[in-house]
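Here chain A shows up in two complexes: once beside chain B, once beside chain C.
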Partner chain A sequence: MKVKSLFLGDVRFQFKYGFYFIYLFFSILYIGLLFALPRMWREKAAVIMIFTDPSAMGLYFMGSMVLFEKSERVLNSIAVSPVKPWEYVISKLFSIGLISSVVSLAIGIPAGIVINPFFFIFGVFLCSCLFSAVGLMIACKITTLNQFILATIPAEILINVPALIWLFWYKKSWLLVHPGVCIMTLCSGEGAPLPALLVLFFWAVLFTVLACGTVKKMLRSVGGVKL
Partner chain B sequence: MISVKNLNFSYTRTPFIKNVGFEVKTGEIFGFLGPSGAGKSTLQKILTGLLTGFKGSVLVNGEAIGQHNNSFYENIGVDFEFPSLYEKLTAYENLKFFASLYQKHRDINTLLSKVGLLNDANKKVSDFSKGMKSRLNFIKALLHDPQVLFLDEPTSGLDPSNARVMKDLILNEKAKGKTIILTTHNMYDATELCDRVAFIVDGNIKALDTPRNLIMKRGASKIAYTYSDSGREIKMEVPLNKTSEDETFLRLIRTNCLLSIHSGEPTLNDIFVELTGRQLQ
Partner chain C sequence: MRPLFHCFHIFLRQISRDSMLFAVLTAPVLTACAFRFGIPYAEVLLCAYFDKVSILSGYYLLFDLFLAVMTPYMFCFASSMVMLTELDENMARYMAVTPVGKQGYIMSRLVFPGTIAFIVSVILMHFFSLTMWSAPFMTLTCFLTSLLSIAVSLLLVSFSHNRVEGMALAKLSGMIMLGLPVPFFLFSRTQYLFCILPSFWIAKLCVDGNLLLTIPAVLTSLLWILVLYGRFEKILS
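After this line comes the complex of A and B, so read on.
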């Protein structure tokens, strides 16, 4: 099982490169903040924290993982190994999805928003995969951290702004086609969870497939030719 | 095992690799010898499927590069010219991770001890010296016991004793029937290790033969000797196959009057300069 090997490799990588430490730091900070806030704001704040942090971290962690692999030329070794592009993608998405789900529970449970654990965990996991897939696609195309941060801004706006609008002002059901709105629905326990989960699933799968294509191109051209 | 025909490739619009063709037999060590920037690594990257957009046909281990699938790499080992390792993982963790990507792999500790890294197995790669990284990178290529090995300057930056160890390991792989492509600009390594070498200059193969034939075809071996004639030291040269015709030389030998005598074969470097008009290093 190559996915298992890659997954374990990614987990070790994230541990050694200090990703888990950063997660731990932010979790403690966020939980502290939650309890400093007035009780009535706590739920909304927790939803935003989970949406912007554990799930969206995928975007940045994915970027830094791939950039490390590029700069240490490990990608060359992976490109000449039997690893298939989808195996590379899935193991990365799942490794980040797993830790994101754990951290989200750590924030969500004290905030009292985990009403249905199934929808909550799957929502966070899929959301994380979606963000990670987007991050992976961007990371494949760029070479420096600055380029990466610039390139993620449009992605952040596209995913975040409609979700925030929905959370605070405009609760029209057609907004549910947007993945950010779906995750808000699933985390806050407001609205119908099943359609939200399905829509989110669709987006996550779509971007995973797209990311596989990008990774395939990247692995075939680590020798230095732009396709 | 490897067959390249009418290969053309460039990173830019101007042609770089032009009409390259050669064959490598199973169990052979085939050398790419050439100055920096000649295109040795580029050729190797094409052969290992890391560069797309080349023209011509490239067959490696029975598969056409470009149409190969991922299991093709179960039998390909690549030692890149630069380390390709996770810097924050230890040597052992690196090897263990890469080993886990293949169906079979050799014993990690045995490999580590072969290149003298067993005691550093639990050190982070970022704390390794340049030579230690090259050695680790080298055994990483051997890890899954591949049939075809691509080694890009494996001995560069190594001290003589470690280079010796590595060359013995390369010969050992050959003895097991592995096919090896060895890139180098060290002519001594090429002469010692390679069954055949290709001289590569500006993306072209300028000559291709066994090191011995290349050397023999050109300038024959010579004897250089000196003797004293009324107080003056005189230097003379005679081709090795003409010594019996050199009366002075024979007389000097009979009368024990030689001051010095050396035989000299041209090196692969001399041949390279002669054929290509370029220096190797």
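After this line comes the complex of A and C, so read on.
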């Protein structure tokens, strides 16, 4: 019940601050761009667009969301409420995962890359949870937006570069242990989707657990006093 | 001027503490190197692969324009992030009632970084551009891209009420740069649909080489800056 309330609160918050409007705009822009590209480039371009934008939106927005909650003393209220750290984390991850999945579907369907909707939606959702969890872990430890932007660069490189290498040059099956390669596999329909989904699930759960630990530590020390 | 420089010093201290100062100084150099050496190399590879005489070389000027925009954009983006934090924490409003004033606050947060970015941009363009530029034309282009970046920053801070909206707008603000590739790809009158964007006129000035196009480039930038400045002043009040 608490998770549901937190989730609805986060969705309302994201709607109020224009996330839905922005991604509606970007979806239209991306679809337009896809149709401007030659047909043979369209699939790869769509996979890259989905992987680098809607799936990774948690990594981009989490810093501002957490910093805003810190400055508005929302976290202080959460710290003394019955809400558990994992409930806070899940609501954040799922609310962002919802936008990511919807936007990715909106881009993926016209691009013709949604071969198996189950693998596609779950793949994007898990990838979004992974990015959001990493973003949340970073956001808990920073005090300014500039710090957040810089701190996310190594995470982006570590997740994006191997995935792009796999997509264009080096399609070895052992690279499937990398979460970025898993989402590429699930979106492009190349390779084995089930192992990719399982590996991605493992990474998403691992980083969600780590994010829960970081949030727990942060909620214990809000206001400068260790609870 | 003294309070202004002091305010600018606070800004510099803030971004150097975050390592953002280091990032905005090194990132343009790294990108400039990637453009200068990576793009001609990619051109050779692509031409060999597709068996063509040229693929990217026709767009070297576009890459130069992106380089000219990137440095001031990065500097002003760092400023915007600091301003968003200061707005959220009410620091901006406090600064506006000190001897720094509203105009001084904007000068220290946007005009000073924009001026530094302009100088850095000219230096980078001189050493790393892919096409031949005359010194006055390069200076003019860098000046215009600095004005454009100030407009983008003002857009971020004048339309957002907090950091979250600011970050959301930051994603949209990149659209102002959409005018850069237009004269390279749209040759009919349709291109004038983008005439409200200063970036369109900057690119058109460089493509056509007609100095008269400086007038719409400056006017559109100033129009954006004036409108957004008026809005931001209200937020500070």
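Here is the rule we go by: the second predicted complex is superposed on the first by the 224 of 227 C-alpha atoms of A that agree within 3 Å, B and C clash if a C-alpha of one lies under 4 Å from a C-alpha of the other, contacts with A are read in each partner's own complex, and residues count from 1 in each chain.
Keep in mind that, in the parts below, a contact is a pair of C-beta atoms (placed from the backbone, for glycine too) under 8 Å apart; a residue touches a chain by one contact, two chains touch by 3 or more.
All values reported here derive from a predicted model rather than from experimental measurement.
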Which superposed partner A:Y17 touches (first chain B, second chain C, both, neither): both
Using the touch definition from the top, say if A:N146 reaches chain B (first), chain C (second), both or neither. second
One more residue to check, A:S221. First (chain B), second (chain C), both or neither? first
In the overlaid three-chain picture, which partner chain does A:R73 touch, first (chain B) or second (chain C), both, or neither? first
Using the superposition described at the top, determine whether chain B or chain C touches more residues of chain A. B
Regarding the shared-chain residue A:G9, is it in contact with chain B (first), chain C (second), both, or neither? first
Does the superposition put A:V83 against chain B (first), chain C (second), both, or neither? first
I'd like to know which partner A:N116 touches here: chain B for first, chain C for second, both or neither. neither
Going through chain A, the residues touched by chain B and also by chain C turn out to be 13, 17, 68
Considering only the defined contacts, which chain B positions touch chain A in the complex? 11, 42, 45-46, 48-53, 70-74, 76, 78, 80, 82-89, 93, 97-98, 100-103, 140
Which part of chain C faces chain A closely enough to touch in the complex? 14-15, 18-20, 23, 78, 81-82, 84-85, 88-89, 162-169, 171-172
Spell out the residues on chain A that touch chain C in their complex, using ranges where they run on. 13, 17-19, 22, 25-26, 60-61, 63-65, 67-68, 71, 144-147, 149-150
Would you tell me which residues of chain A are touching chain B in their complex? 2, 5-6, 8-9, 12-13, 16-17, 68, 72-84, 220-225, 227
